[in-house]
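Got some structures for you, see below.
Across the two complexes that follow, chain A remains constant while its partner is chain B and subsequently chain C.
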Partner chain A sequence: MNAFLEGCQKQFSEQSAHLPGWNALPIRNSRQEAMQRGAQIGLPTPQLETWKYTPTRTLAQSRPRFHTEGCVGLDLEDLEPLLLDRREGHRLVFINGLLSRSLSRWQDLPAGVRVDSMANLARQAPSLLEPCLDRFLTGNDQGFAEINHALWLDGAFVQISPGVCLSKPLQLLFVTTAFQEPIVTLPWNLVLAGNDTQAMVIESYASLGRSSHFTNAYTTLMLNAGARLEHLLMLTETTAAQHVGTVQAIQQARSHLDSRIFSVGGALTRQDVQIMLAGEGSRCLQEGVFLAGGRQHMDFHTWLHHLRSDTRSEQLFKGILDGQAHGVFNGVVRVPQGVKQIRASQKTANLLLSDTAEIDAKPQLEIHSDAVQCNHGASVGTLDPDALFYLHSRGLDLETARRVLVHGFAAELLQRVQPAAVREWVAQRLNLEGSAP
Partner chain B sequence: MNILELRNLHVTVMNKPILNGVDLSLKAGELHALMGPNGSGKSTLANVLAGRPECRVTAGQMLYRERDLWPISPEERAREGIFLGFQNPVEIPGVSNLRLLKEAYNAQRRHHRQPELDAVAFRAHLRDRTAQLGLPEEWLLRPVNAGFSGGEKKRNELLQLMLLEPRLAILDEIDSGLDIDALTLVAEGINALRSTERSMLLITHYPRLLDQVPPDRVHVLMGGRVMLSGGMELARKLEQQGYGWLEEMVT
Partner chain C sequence: MNDRPVITSAMARSYKHGFITPIPSDTIQPGLDEKVIQWLSAKKQEPDFMLEWRLAAYWHWLGMTEPSWSSVRYPPIDYQAIRYYSAPRSANPNAVALKDVDPALLATYEKLGIPLDERLTLAGVAVDAVFDSVSVATTHQKKLAEMGILFCSMSEAIRNHGALVRRYLGSVVPPGDNFFAALNAAVFSDGSFCYIPPGVRCPMELSTYFRINAAGTGQFERTLIIADEYSQVSYLEGCSAPQRDRHQLHAAVVELIALEGAEIRYSTVQNWYPGDAEGRGGIYNFVTKRGECRGDHSHISWTQVETGSAITWKYPSVILRGAGSSGRFHSVALTNHHQQADTGTKMIHIGADTRSTILSKGISAGHGHNAYRGLVKVLAGATGARNHSQCDSLLLGEHGSAHTYPYIEVKNRTAQVEHEATTSRIDEDQLFYCRQRGLSNEEAVSLIVNGFCQEVLSELPMEFSVEARKLLAVSLEGSVG
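And now, the complex of A and B:
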């Protein structure tokens, strides 16, 4: 066994009584079972097909430090660039994994929207969480997720009552500050979108300071019938940080999910997306852009499960890699036997900016039904020398020309982000200003 | 002063000799036309002046305002006032015309130690030029040349030219693909840019454009050299008789 898992077990046995929801039996059971399964399967290693490329060794060998105190003395000013809308935006801000009420702002949310810290909710209204506990993913590659399920300390709870429409985006911001020794944060976020609701949730991860830390996050999105949810995941932690996360979405009939990922952060970033199209007429759009340089490793694994007839998915994922960065995109589209009227399209395009950058891009269609319209494509390319010369001939130096072309490559996905204020903020967080007019 | 002077210029592309001793000089304020059969090396000449890396100078000299061009990077040539209007402008999806124009304009301003224009001032500065070319406002938000028709691409080159106001404009078949009205617009644009400070080299196959933009001189490029130079009457003779009668002179 490795130091990380041992440390987690130690924490669990010593601190369990302080874990949120410990007094509610279903939550306690769920935590205990997760810890048991986690200990049994261990952390994923490259021996597992789905973790073949992810270098988890260093992480597994480090001893975890959990942070359980309240937030440090931060002001809104310290967070300025990380906030979508400092003055009027709705947000839950978590510092080092724990909710900061003073930095959060949700007073004037419309009636019918309940937001809270998961820690608080697990103590005061555990029954709201219970139905979600047995929906967690299982499998021998879920080691990190199991640790999250066993040890989560906090996270965002968002519940939207049927028919309610959120006119403004809701930001869930997770900030980790610098510590002498790297800390581990384990947020579990839960978004319950009721029937015929409409909302945009922006889940963003960032660091203050340049030091290393580890985020192990899990986000559950439940879309009831007719719900429309837009989920933006912004991974912008420092290039010294490690990030492992899962977004799991369960979609009921006629629901629409737009899942967008923008990633620039992390020495190691491993993000899984599991979307279950579990109701007829449900639709999902899954998009992502990641930019990796230096020695960054960014790894995206997505699964789109067409569990019912008349479901559609559309995916476009782009990687931009420089330096000695390594990128992975593995996209599974799964259509079981017996379901009909399926449409799925999957595309991945990747841009290598240096000879030493690498990408493993693999579309994986597992289609066991005939009634499927499916197209897919994967491409890897470099900067077009004709385009570079064209820009040089207009006076742009190499650095500017490269930046312009990189922006152009990412623009297709940025341009689809609405409203413009969010788009501009995303571009700025990714250092892609000017890419979308 | 000669803005451009080529002396015995030899250029190869992929080790294949294309230009074999071009001599040509262009004075400040002059407009010359360059004609010649397909594949004779007109675009190669334009490209080597702009600094395309594939075009290797193997002998001879290129002087721009009495400076040797050879060691100067393409981007610096541009900022120093050389503009190439491409025969086949590149499509750059995802990058708006506005962005390109702004980057190009500000790169030039920085080079000359002038303050950059902010977004608002720049838009205003551009507005007259788009209007002059009959381009709609949203043109600026469209991605550079992506999905543009042949004629639209050429107009876009001219828009860049009008913004950057170079000292030496080399326009490679700016008239190809233009409809009759667009040709007039482009000709008017070029005429408006003529000044004692600015020289132009127009590469073209037809005297149609030259009728509207009278050249000071017409050169014929064949066999990798300037075979013959003359006035407008040369362009007309070529239109009537083709290049056959010159062929004998090459050999």
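And now, the complex of A and C:
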């Protein structure tokens, strides 16, 4: 067993009584079972096919330090660029994994929307969480997720009552501050979108200071019949941080999910997205763009499970790699036997900007039914020399021409982000201002 | 739309090569240990270096575990229950003329449509006929020898061209490469050897026909083709086996070496016994095929039509080492009833300006399972590398499955790699159109499938192309509904 897992087990045995929801039997059971499974399967290693390219060794050998105290004296000015809308926006702000009520703002949310910290909810209304506990993903590659299930300390809870439409985006901001020793944060977020609801949730991760830390996040999205949810994940932690996260979405009939990922952060960033199209007529759009430079490693694994007939998915994932960065994209579309009228399209395009960057792309189709129309495409290349030359000949210096082309490559995905205020904020966080008109 | 009229084809699936040749044969007891390998090596009158090579591979194999990463499922194979050598008693290792070969064997090949009599054969094809564990005849050797081309059985090559064999054998697929390659290296009994001298363009198609006849045996053949500088060769491989309700193992290794400017085209029409409609019997086909473009501007192309075998597990690959070298992979894999295929290719770009093309067509009918698994790897030194891959899958019937696992690993920014794939069933509109022009449902499907595979079939040499088309039609019989 490695140092990381040992540390987690130690924390679990010593601190379990302080974990949120420990007094509620189902939550306690869920935590205990997760810890057992986690200890059994261990942390994923490159021997596992789904972790083949992810270097988890240094992480596994580090001893985790958990942070359980309240937040430090930060005020809104410190968070300025990380906030979508400082004055009017609805947000839950978590500092070092724990909710900061003073920095959060949800007073004027419309009726029928309940937001809370998971820690609070687990103590006061644990029955709300119970139905979600047995929906967690299992498998021998879920080591990090199991640790999250066992040890989660806080996170955002969002419940939207049937028929309610959230007109403004809701931001969930997770900030980790500098510590002498790197700390581990383990948020579990839960979004319950009731029947025929509409909402946009922006989940963003950032760091203050340049220190290293490890985020192990798990987000559950439950879309009831007819719900429309836009989920935007922003990964902008420092290039010294490590991030492992999972987004699990379960979609009921006629629900629509737009899942978008924008990533620039982390020394190691590994994000899994598991979308279950579990109701007839459900649709999902999965998009992402990542920009990696220096020695960053960015790793994205998506699974789209078409569990019911008449479900559709569309996916486009782009990677831009510079320096000695290593990018990975692995997308799986799975169609089990017996389901019909499936349409799935999956595309990944990757840009290599330096001689030392590396990309490993693996789009994957697993089809067990004949009533399908599925396709996928993958491409890897560099900037078109003709396009560069053209821009150069129009008077742009090479550096600017290069930037214009890179921005153009990312713009396809940025442009689809609505409303404009969110789009501009995303572009600014990604350092891609001006690329989305 | 599931209202396609069900055609209940009265014809059972016909596998016309399923007969058995009743011929006395020398077969060793089942099981594998060092003694078997020593016996085999002695039987083949091999030099010492071969025995050492085989034993090293065997020891390595003992420490290996059978791979389980592929998508094919089968009950565990008992490697001690297989007979590792079986040869017709009448096979004459020193047969120089066809008159020395047992007429019963000649009749078998005649029946398979491969007459070995040089006057009867198609003028442009030289055949090495492998029956169970041994090569029984090789045609046109004399004519080829005049041009300096060596074309003979592997055993003969080991005895007569030891230096060449020693230099190249295992240099592309090392004995410890993978579980089945290690097993093959330890126990391979025969196969074909071919050497094309510099600057020679081989005047005829070279081919090997593999036939498994004896029961309870495995076939382990090894083929080595060396194309010296600026030479050219086209090679065909065919195979078949009797209809039996027990599985038989076939674990072959093929190595191709193309030196500077050389070109090798390797075509396979694989028609091992696929098992019956319930999935009983059939050949387990675990094959390692790999070519290396060792010299600059060399070219290797693999074309395969896979219609047989209960299980197909093979990934013909090209290592593109020489600058400007190119590789191609064209494949049609058809699975019907309970057949499973996990096949694809690896293109390893090492040299600058290397190019590769992958075109794979998978067809799953009945409960057939088809997976494309491919790797395109561009190493840091492969400046200007280019790859295009296309893999399409066609599903006939709701119980089939089609998987696509393309791995793309790129470490050079100047590389351009593209992959595209589609999976769907036959377009209803196309079917309707064909039917309203008077074709039966079965004919219509056959026509559409043929069109789906057209790009690959047109890569095959003419005679093979005709054969492959017939095979596709036969293999689909009874599956349309």
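Basically, the second predicted complex is superposed on the first by the 437 of 437 C-alpha atoms of A that agree within 3 Å, B and C clash if a C-alpha of one lies under 4 Å from a C-alpha of the other, contacts with A are read in each partner's own complex, and residues count from 1 in each chain.
Rule of thumb we're sticking to: a residue touches a chain if its C-beta (ideal position, glycine included) is under 8 Å from a C-beta of that chain, and two chains touch if they have at least 3 such contacts.
Just so we're clear, the structure is a prediction, and the values are computed from it rather than from any experiment.
In this overlay on chain A, chain B fits alongside chain C without clashing. The wider contact with chain A, measured as residues touched, comes from C rather than the other of chain B and chain C. Look at A:24: by the touch rule set out above, it reaches neither chain B nor chain C.
Once the two complexes are overlaid on the shared chain, A:410 sits against chain B while remaining clear of chain C.
By the touch criterion stated above, A:386 is placed in contact with chain B alone, chain C being left untouched. Legend: residue contacts after superposition of the two complexes on their common chain; A:208 is shown touching neither chain B nor chain C.
Of the two partner chains, chain C is the only one touched by A:370; chain B is not.
After the superposition on chain A, the angle chain B-chain A-chain C between C-alpha centres rounds to 80°, nearest 10.
Residue contacts after overlaying the shared chain place A:360 against chain C, while chain B stays out of touching range.
When the two complexes are overlaid on their common chain A, residue A:240 makes contact with neither chain B nor chain C. With chain A used as the common frame, chain B approaches chain C to a shortest CA-CA distance of 16 Å. Comparing the two interfaces of chain A, the one with chain B and the one with chain C have no residue in common.
Chain A contributes residues 384, 386-387, 389-398, 400-401, 404-405, 407-412, 434-435, 437 to its touches with chain B in the complex. Put simply, chain A touches chain C in their complex at residues 49, 337-338, 340, 350, 352-382.
Of all residues in chain B, those touching chain A in their complex are 50-53, 73-75, 77-79, 83-84, 86, 89-90, 92-96, 98-100, 103-104, 107-108, 111, 140-141, 143, 160, 164. Contacts from chain C toward chain A in the complex involve residues 1-2, 69, 378, 380, 393, 395-425.
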